[in-house]
Each structure stands twice: as C-alpha cells, then as structure tokens.
Amino acid sequence: MQQIEAIINDKRFQNAIIGVILLNAVVLGLLTLQSLSPAVRTVLEWIDHACLVVFVAELVMKLLVLRGSFFRDGWNVFDFAVVAIALMPNTGALSVLRALRVLRVMRLATVIPSMRRVLNGMFAALPGGASVAGILFILYYVGAIVGTTMFRGDSPHFSDIGTTFFTLFQLMTLEGWNSIAETVMDDKPQAWAFFVVFIVFTNFTTLNLLFGIIVDAMEAAKEEEVREALAGEGVEIGEASSELRLARMEEDVKHIRTTLEAMKAQARAG
Amino acid sequence: MQQIEAIINDKRFQNAIIGVILLNAVVLGLLTLQSLSPAVRTVLEWIDHACLVVFVAELVMKLLVLRGSFFRDGWNVFDFAVVAIALMPNTGALSVLRALRVLRVMRLATVIPSMRRVLNGMFAALPGGASVAGILFILYYVGAIVGTTMFRGDSPHFSDIGTTFFTLFQLMTLEGWNSIAETVMDDKPQAWAFFVVFIVFTNFTTLNLLFGIIVDAMEAAKEEEVREALAGEGVEIGEASSELRLARMEEDVKHIRTTLEAMKAQARAG
Amino acid sequence: MQQIEAIINDKRFQNAIIGVILLNAVVLGLLTLQSLSPAVRTVLEWIDHACLVVFVAELVMKLLVLRGSFFRDGWNVFDFAVVAIALMPNTGALSVLRALRVLRVMRLATVIPSMRRVLNGMFAALPGGASVAGILFILYYVGAIVGTTMFRGDSPHFSDIGTTFFTLFQLMTLEGWNSIAETVMDDKPQAWAFFVVFIVFTNFTTLNLLFGIIVDAMEAAKEEEVREALAGEGVEIGEASSELRLARMEEDVKHIRTTLEAMKAQARAG
Amino acid sequence: MQQIEAIINDKRFQNAIIGVILLNAVVLGLLTLQSLSPAVRTVLEWIDHACLVVFVAELVMKLLVLRGSFFRDGWNVFDFAVVAIALMPNTGALSVLRALRVLRVMRLATVIPSMRRVLNGMFAALPGGASVAGILFILYYVGAIVGTTMFRGDSPHFSDIGTTFFTLFQLMTLEGWNSIAETVMDDKPQAWAFFVVFIVFTNFTTLNLLFGIIVDAMEAAKEEEVREALAGEGVEIGEASSELRLARMEEDVKHIRTTLEAMKAQARAG
C-alpha cells in the first residue's frame, strides 16, 4: 500500500499522467476528422481505450490509498465522474455520453498544479458572489414571468417560460435584442421599458458578479503569496484579511505614539 | 403590541415569510404554463391569493409595531408598494398590473439578509455615481437633439426625439449600430463622426459609471467588515475612509521617528 | 469692474446661469417636435435667442474681468467656442452649425461643480493613457493598410483606406464582424487570422486604455479627498502618490525599529 | 566601433529613425490610394525603398556594436524580422509578404520609449496569465470537439474542427451567437445548454485573463515608479511586492510596540 502511495506522489508518475491526458486530447481531436481511413480510425480508438485504462488504473490506485477521504477532494470526484461517464455503455439513449468523453481533456486543468491553483481560487471566490448571483436569478425569474405573461402573443421568443429564459439570456448578451424588442414593440410600443430595464439591471448585476469573483480570487492569490513568503521568513500572519491587518497596525502605531510621548514627558519630568 | 413585535423579530417567523415568498414564486411560475387544467389553475390562483393574504397580514403587523417609522425604511416602502399593486382591481386599463404581481418575488432579495446587504451596498454607492450619470444623461440629450434634427429624414430610427432616445440606447449597446449608421450614411456620408463619437463617449462614461459604483460598493463592504471585526476587539475606527486613515498613520509614524530621534539625542547628551 | 467680478462670483448669478442653460435645453428639446404650431415655434425660437443673449452677456462679463487669463481655462475656451458657433450665420454651407447650437446644453456639465470635477478628473487622467492610445492608433493604421491592400477586391468594406478605418472600428465593437469576415473568407479563407488578431489586440488595448484612465481618475479623486480632509486638520502631504508615501513610511518604520533597538541595547549597557 | 555606438545612442539619431518610420508610415498609407498617378506612385515606392535602406543600415550598425547580445533583446529580434520580411522577394507564393511590409510601422511602438515601456509592461504581465490562458484553451479544445462531434450534421458552422474553432471564437465575441444557436436548436433543442455554458465560461475566463494582465501591468508600472523615486532619494526597496513589504512593516510595527512597552516597564521598574 505504501508502495502505491509512493508511486502516486512520484513527480514522474504525475508527469506521465499529464502525458497520457495530452495524448488522449490529441487522439480525440484527430477522431473528429472525417477524412480518416478506417484503419487509422481503429488505431486511434484503440489508443483512446488504452488511455482510459490508464485513467481507471490511476483512479483505482488513488481509491486504494485514500479510501474514504478520496471523495472529500472535489477534483477527485470530478475525475471519478469523468471516468465513470467514459465507462458507461454508449448505446441508445446514452449515446450522447460518447461526446462527453472529451471531458477527460479537462482533467489537464486539474492535474497541472498552476491551473489547479487558478481554478481553486475561482471556486473559493464563488461563495462571495452567491448573493449577487441570487439577485441575478431573481431578476431572471421575474423577467421570465413578466415577459411570458405580457408578450406571449406578440413574439415567438416569449411563447413559454423556458423559451423566455433563453430569450432573456440573449437579451443579457445584447445579441439581437433590438430585433426581439422591435417585434414586441410593433404590438406594444411601451414594451421598450421592459427591455431597457432588464438589459441595464442584468448587465450591471452580471458585471458586479464577475468583477467581485475575479477581484476576490486575485486578492486571495496575493495574500496566499505573501503568507507563503512570510512563512519562509518564519513569520505567521494568521487568517485576517489585509484590510483588517492594516487597521490593526493603525491601532499599534497610535498606541506607540501615545506611549512614546508619555515616556518623553516622564524623562523630562524625571 | 409587544407580542406582535416579538413575532416579527422571531427568526422562525422571518423564515416562514421567506417560505411563503418562495411558494408564491413557484406558483406564479407554474401559472405561466398554458397546458394547465382549469382545476389546477384554480388551485394555484387560490394559493396565490393565500400568499397575498399572508403578505397583507405581515404588512399590517409591521405597520402596527413601527407606525410612522415604517415608511422611513426604503424596503418597507417597496414591500408596501408591491402589496398595494397586488390589491388593486386588475380590470380594464389596470390589467397590466396583474403582470406586476410578480414583483412580489423580488421581496425575496429584500428579506434574505445577505442579498439585502448587497442591495444596500449598491444603493449606498449610487450617489457617488450621480455626477457621471448626469454627464451620461447630457450626452444622451445632446445626442437625441442632434440626431433628430440632422437625421430625421434619413432613417426611421431618428423620426422623433423619443425614437431617437431608444436608438441611442441601441447604439450604446452596440447592437445593430452598423446597420443604423449605414442607412444614415447613404444620405450623409459624414454622419460616421456622430456614431463613432457617440459610441466612444457613452461607452466610456457608462463603464466609468458602472465601475465606480461597483468599486465603491466593494470598498464600503470591506470597510464595514473591518469595522465589525475591530468592534469585536473593542477598537473603534470612526467614519474615515481607509485612505484617510492611512494618511493619518503616516503622520503618526513621521512624528514617532522625530520624537524618538529627539529622545536619542537627549539620552546621548544627558 | 470689481462690481462685475462680484456678480460673476455670486452663487445666485451662477445658479441663474444654470437655470438659463436648463431652460435652453428644454426649449431645444421641444423644438425637435414636428407637431408644434408655428406660433409656439416662434415663441420657443425667441426664448432660444434670449438664452443666447444671456450667454453672450455672461461671456463678455467674464472677458472684461479675466482679460488675457480668460483663455487659460479650457472650460472658458469651450464656452467661448459654443457661443461663437451659435452666433455664426447659419446659411448655406454653415447650416449644419444650426444643429451644433445644442452643444450649449453641454455647458451644464461645465457649470455644475460636481460634474466639472468629474470631467477635470477624466481629462487629467487622459495623458496617462497617451502611450496606450498611441499603440491603439498604430494597430488601426497597420490594420487599415493591411486590410485595404489585401481585401480591397473581396469586400466593399475595404474599398479604400477611409472605409477600412470605419470597418475596423466596427470590428473593434464586434458588431457584424462575422458577416464582414465571412464575405472576405469566401475569397481568402486564411483571412480569419487578420480578423481574430485585430479583434483580440484592439479589444485588449482598448480595455487597457479605458481601465487605465478610469482607475487613474478614481485614485486621483481619492487622493484629492484625503488631501482636503488632512488640510482641514492642518496637515500637508505634498504631491507624492500614495504608493510612494507608503514606501517612505516603510523606511520610517524600519528606521524607528533600528533606533529603538539601539536605545534598548544602550539602556541595558548603561 | 565606438563611433558607431556613439551614433546609435545619440538622441538625434534615434529621433531621425522615428522620423523615417513616420515618413514610411505616411508613404505606405498614401500607396493604398488607387487614384495615384503612376509618377507619384513611383516616387512613393522609391521613398519606401529609401526608408528600408535606412532601416537596414541601422540594423547593421546595431549588429556590429551589439554582436551576439543583439538577439537577446526581443525588440531587436522583432526589428530584424520586420526588415527581413521586407527584403524577401515578393513574387509568387510570397506576394502576401508585400502586405506585411506595413509591419515596419509597428516599429514606432518599439522605438518611442513611453510606448515601449507600456508594451514591456504588458509582455511582463503575460506569464501571470499563462494558467488562465491554458484553461481558456482547454475550454476551446473541449468545446471544439464536442461541437464538431454533436452538431456536425446540424449546421455548417460545425462542419470540421477548424471551422468549429472559428465558430467558438464568434460565440465568445457573442456576435451572431443566437442565429448559430437557433440553427442547431432546430434539430437538437437541448443544444442551448452547450451555447449558454460555453458563452458563460469563456467570457468569464477571458475577462479574468484580460483583467489579470492589465492589473498586473499597472501595479508593476506603479512599483517601478516608486522604486525610481526612492532610488533618487538613496533608498532601495528590493524586489518584494508592495503587499509583502506591507506585511513586513506590520511585523516591524508589532515588534516596535512590544519593545517600547518592555522599555517602559523597565524604566518604571528601574
């Protein structure tokens, strides 16, 4: 068991896995070409299966070593799901899963440490955006009900609530919003208010959401960097944010000034 | 009366209200489906009315407790307006109000504390953007008069000042600006200047506006967090912005250095 | 002369001017309506002329007081130009100037102090973006020459260098870039590289430019605020940027630490 | 040899080169005009060749002085490539290189110091975005394989992997994404998920990438400025980032406070 653990943690083993993922990515890319001769296609399919075998083996090794704690890491769950999808029989209704085998390529981002760090940073910043995302969803839900109820008869873009949700996404991306709006406004000229309000509010909220997540992730990355650099100097700075630490430093400085002035007065008096 | 106040402030009561809002949201969503059997539709309408009764009861309770100070909180005014709209007779000219009952779903954002905080932050940041918004409005107004006066005969998009305002919004979103511009430029080739200038200026000003509001709201949220954390440590930092506090700390540090050097010189002399 | 100066600097006089600008703005807006009766139109034109007389009077008063230094303030030059345009005979080739009289509405932004501050901040931040703007212009110039030379025969959008410049602006706004690209790619399939490269580079550079100017203006506004607040406390912090001042404070703190440790060692030794 | 070095470093020589680049830029612009008489065209071509001769001479001088270290500076490599392209015979398959001679205009950005600084800042910030760019590329690659495999038969936009890559770029720019999506959704209504997911993820990742590079470049520029200003005051602050230096200052301040309190206690005791 310890041997398996040693293999898993070996840098060379990890690089080999990265190599297999890259190989698999290239093979999956080549398989989209329609000009392939049947022989070449068979070879490529064979390599694809071989890659899958490697992934299954890697997964089994990790499962043997980590056991219960395996599923505590979200990336392991992702790897497991990706391999499980690839192992399912892709016949009948499940044939769409065949296309999803390409998700294995995404394992690249979870295996290369620097990309994994970026993804971790983004996921860690997501909860901070939950409230803004909730507001955005409410805007969409209200917009979908208002749009479906009021414009159902005026445009096929608002025929039912599912279609309206898609239309609202389209409005948010601004793509073709004017032609949708004009169709509706032919019947209901005051409908411009709905479109302008929805576009302004969702775009503002989306920008707020994206911006918040990106800035949070960037700041967390920087504080992590500072933390590591200081740990290397034997200094620990705890979990407080840089703003909080700055405010505490202010308190320290004020205190130093008062103490020093008291000492000076004392020295003069003494 | 104190009993009512106790109920209103009870966490379970507030969660129950959130539950009713969610239920109402789902019902309003289901009511947009056209395939509903009349029986189901009647039941859903009945639940919708029941939810409204709950909201009215909640509002009356709050009014009884808070009395005059009820309307001082903007969210209460919003809740009141939303319920008032729902109670109006939706016949004839007011039938559009029926669609607005969905605004009740928006109460969700005002009842869930974390979303309310985000909205409060945004509203608090709005005044800081007033000047930029004013400049944006002036750009629109000037653009609307110039566009209507000069291109009235060249394109239906500039036929009157109301239409031109809508067209300018479309130009700002960039959607279809090229086809509008080309129609006008067929008659007046120099009109490109109007379109390029308007697009560049309004997009810059809008970005400035959104960016300013978002950054302000984010910074205020952070300072609020620091303030709360420090209050928990028994330290108060007043209303000054972090930049101002930083500048004051600089002064303190400079003063400490001078004092210390004076003390050192004194010690050496003494 | 001092009397005139007193009038110009009188708050009530300035508010009266703001009122006249607003009145003029409303009148110019109403004049775009085509349903006006000739009588109303005549009255509105008359009010417009009266507003112009007020502006000329204000300008003459300022010129009398400020004399040579009048033209040193960019806003005065703007006001002068706006009034000068309005006074020109709008006949024949100059009839387009009639539409430009609406620029007087823009004086609003130069007369209301808070908007003027925002505009000053933006203009002050412009030079910082000069290099990025220069790079953007070079990208455009190179793109225009390459596009005109290579695609002249493939699409009317690249027929001559002026048209190409307009097309490139359209590409940068992303509006309809795909249909322009597809027309060209029918003849020259490799042309996708030109479009992708141009779009990526100009959008990145533009974002960089806008972002730089907005952030600079925001930071300058904040430092100005801190400077004013500290001036009220009798403290001056010079022209250094907050980053530079922070770095200097670091030096001070390091120096304090060294001095203090020397004093401690001395005290222990003494 | 030292004479040549003196010439190269002479400010007037550098300004002369800028002048020649500008002249060449104007000439290349004029050459795109089709209304030129053959005589004028001949003169312009002649000037273009003369400019090229100057560039070759400048390059040879630099090569003579710098020898091996010439190619260590990326800008020199760029200059060399640009001149090399211009010297190639532009016949037959290479005639497209004729259009690329306009790249010489880009030398302007590498010769004017302030633009060069901006470009250097951007290039220096690029590696920080490598992980995010990698994630973006994986998204594209997975999207291209999924799109080609699933929608090959539904829309010409997904006919082969190369076309799909171009289509995905179009989706990312949002231009015309709705009409592409609708064509596919006529056959496969669930395809909306692919489009919405791809658009949201790539736009978020792209924004993250651009934002990261721009902010990094801006911060590096500011630290460089502070470093130069402090170097002028005889102070050096090393290579540490401003966040790290701030955290170190916190440590210093905490240490000062502790030392000072110890001294005070000692003084009281003594």
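By written order: A, B, C and D. Residues from 1 in each chain.
Note that contacts are C-beta pairs under 8 Å (C-beta built on N, C-alpha and C of every residue); 3 or more make two chains touch, one makes a residue touch a chain.
Everything numeric here is computed off the predicted structure, so don't read it as measured data.
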Exercise. Going only between touching chains, how few steps reach subunit C from subunit A?
Worked result: 2
Exercise. For the two copies subunit A and subunit B, what is the rotation angle that overlays their Cα atoms, in steps of 5 degrees?
Worked result: 90
For this session: Mind checking subunit B against subunit C and telling me if their interface is mostly the same residue numbers on each side, over half, or mostly different?
Result: different
Exercise. Using the average of all C-alpha atoms in each chain as its centre, how far is it in Å between subunit C and subunit D?
Worked result: 26
Exercise. At which residue positions does subunit A touch at least two other chains?
Worked result: 174-176, 246, 248-249, 253, 256, 260, 263
Exercise. Once bound in the complex, which stretches of subunit B touch subunit C?
Worked result: 130-132, 134-135, 138, 141-142, 144-146, 148-150, 160-161, 174-179, 192, 196, 199, 204, 207-208, 211-212, 215, 240-241, 243-244, 246-251, 253-254, 256-257, 260-261, 263-264, 267
Exercise. Along subunit D, where are the residues that touch subunit C in the complex?
Worked result: 25, 28-29, 32-34, 96, 98-100, 102-103, 105-106, 108-109, 112, 114-115, 117-119, 122, 166, 169-170, 173-176, 210, 213-214, 217-218, 222-223, 225-226, 229-230, 235, 237, 242, 245-246, 248-249, 252-253, 255-256, 259-260, 262-263, 266
